[in-house]
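Shared between the two complexes below is chain A, which has chain B as its partner in the first and chain C in the second.
Showing the complex of A and B:
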């Protein structure tokens, strides 16, 4: 039952930090809660035997993306935060209702359509980093290369966009 | 016993939190963070099925999702910086240049 306890604790942490990310007043606090959330998701990956993804999650998300967010939040030093004054045209309550509707819809799909999917059951070893690497470099070689091209384009685009004089 | 359904429920919850963030917050940085939450929910799904089916393909796809998230964050934050330099705001209500 250690597995169940770990899952419930991690799920509670993930959802709790998610709520804090969405509701935090200050954007800096939001970013910090986001780091905690990503670390909890990484821990969840470890319980799911996805050690490689857990490390990638910590390095890329918690180490890279969140630092990028933090930099932008610090650079964009706001004298008046966006959520300070209400815009009468904005329908925030409707947005919340729509989000709940999405959740109900997803839960309904889950409840009605849930059946055990048939897939080829391979053997996932206790340490499957080599298997992930083999899949990435053989069956998914072209998507892998496309992903690297995408990253290159995104890098060039980000540099061009953030440059001071166009 | 923890089944894939539990992971799917967690994923639904996290995804819905992301949707709430996108639809109710006005700071575009927080909206981008909510999108990251949604991408994480998708990743939890993929990894949970990878574990359930004992198949490594789910993890390979999760790697691609992380790549997309990184590219999205870089380009999105670049756009935010460029916009902030011109208009001094990150409020999406004031980002209406393309609207009629």
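Showing the complex of A and C:
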């Protein structure tokens, strides 16, 4: 019951932030909503007892990829849309939304925490990593190796397209 | 099933491993070769493709073999598509050699991307697990996004790359959404386990949604109407040899993926997806052919023609029989020859002073380059489906497979569409044979281009007169689809 409630709350938050990412007027706000979105997805992984994935989600997406996005936003110097800051209550409303989001998230985490006996999460940690590792290096070794070629193509492609000469 | 990844698996993956090694050697060689002397890297790429083709023949077995815990099936169906893809890649390399010099582009990185796209296609054809198929598709797609935009000073090339990337990423998202629903419904990504789970579940609104999403995602890759909007712009803007590779290799691999997913993974829902593809096929044929009528750019015209051909090929999927699949396989070989040949002539017309992709650039080609003009005549007749050429045999088999499976109206619509298509194919001939000579320097044949033209011309003519060996091979390959393989044992 608590798990279902946590799922629906998180799903609503993910969708809500997703909509905010595309509707936000300022690119920086968009990226920040994306961070919130990624964190909610990470919370979703926790409710699925995939703690390792949750940690990776926070580190790679909320950490690494979003920092890259922020760099891009900074470097391409997007113009601030006119009268984005005129409305004085705008930031207040944004703060309220974020506050509610955080409260709901805390409630979700607490709900999940209470629904499970203590000590279980610690026991799940290492086996989770082992499961992912085993799946990647035995059952899915071929697509895993193929993905390395895929990343190589992406890397070389980025260099080719960014280089000045042809 | 072996408990661990074994040497047997590696043996059966030899074609992919050879090509992957070729890719890495090519990459290092590119780094070590100065820009002016990169020409030999094209021949290295050709060698890697030939070695991989030899490996495909070496590991081919009459009985399908399951490799890597059922992720990959080494069967005649996969071998057939790998053959088509490798042939298309080799012809692409031949078309590219002088084209790259004219454009002032580097050979090494270009060939690297072509080989990586080929590698992705090979996994799309042989994967029996949605994960393998998807990673293969993504490898191919990323390589093509970059290849489409490789001519950086050319604005059309930039536009092609951006359009293809944005729409491609969007369509991959749709496909992945469909796949994730399939996984959620069945708990597996393996196509055979999926078939059992779906059959046990019966018709279900979620499965219908997944079906539509997967069909839409693949429909984009094969450029079926209404998911074709990217094709004309991308085909026009991309480097011409890449356009050729996109229209043959990418389309073949995507059709292989479509056949695997729908005939092997979702056979119990065939009543539903047949209706879906029926509508897609009719609309695709008709819109493709009608839009091609008014084009003034050869590459755009061939893009719409390739959209129409996706419609014809869907007939084989709708028939769903061994005969229908065999007809598709036959058609793909023939299509590879005639389409690559037509693009070879467009590449020939690219000179230092002329871009050469407008229909009027074909003016008076008969007087200036008779061999190319006659070859182009054969390719156009073949694309239109006129009897002595291979195109007729291909269409004949596709339409008769439809009639065989009681889709008479589909065959009638196909024949009517072929008649419409003759108009724009013959327009090309009118330009070459009856119009005044176009401006610009004399188009000259290079050895590589001559080889490509001779090979494609020979394929188009020989398969039109003596198609029996190809028919037998295609029947054999079509029968392998969906057969449960034996486990890999060599050592």
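In this text, the second predicted complex is superposed on the first by the 111 of 166 C-alpha atoms of A that agree within 3 Å, B and C clash if a C-alpha of one lies under 4 Å from a C-alpha of the other, contacts with A are read in each partner's own complex, and residues count from 1 in each chain.
In this section, a contact is a pair of C-beta atoms (placed from the backbone, for glycine too) under 8 Å apart; a residue touches a chain by one contact, two chains touch by 3 or more.
As the structure is a prediction and not an experimental result, all values here were calculated from the model.
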item	value
Which partner reaches more residues of chain A (counting touched residues only), chain B or chain C	B
Contacts of A:161 with chain B and chain C, given as first, second, both or neither	both
Contacts of A:143 with chain B and chain C, given as first, second, both or neither	both
Chain B versus chain C as contact partner of A:74, first or second or both or neither	neither
Contacts of A:108 with chain B and chain C, given as first, second, both or neither	neither
Partner chain in contact with A:4 - chain B first, chain C second, else both or neither	first
Touching both chain C and chain B, counted on chain A across the two superposed complexes	139-140, 143, 147, 150, 153-154, 157, 160-161
For the chain A and chain B complex, residues of the former touching the latter	3-4, 7, 11, 14-15, 18-19, 21-22, 27, 30-31, 34, 37-38, 41, 44-45, 48-50, 52-53, 56-57, 60-61, 64-65, 68-69, 72-73, 75-76, 78, 81-83, 87, 89-90, 92, 95-96, 98-100, 102-103, 106-107, 110, 114, 117, 119-124, 128, 131-132, 135-136, 139-140, 143, 147, 150-151, 153-155, 157-162, 164
Interfacial residue positions of chain A with respect to chain C in the complex	138-143, 146-147, 149-150, 152-154, 156-157, 160-161, 166
Chain A-touching residues of chain B, taken from the complex the two chains share	1-2, 5-10, 12-21, 23-30, 32-34, 36-37, 40, 43-44, 47-51, 53-57, 59-60, 62-64, 66-75, 77-82, 84-85, 89-93
Residues of chain C touching chain A in the complex	4-5, 13, 20, 23, 27, 68-69, 71-72, 103-106, 109, 112-113, 116, 119-120, 123, 129, 131-132, 135-136, 138-139, 142-143, 145-146, 149-153, 161
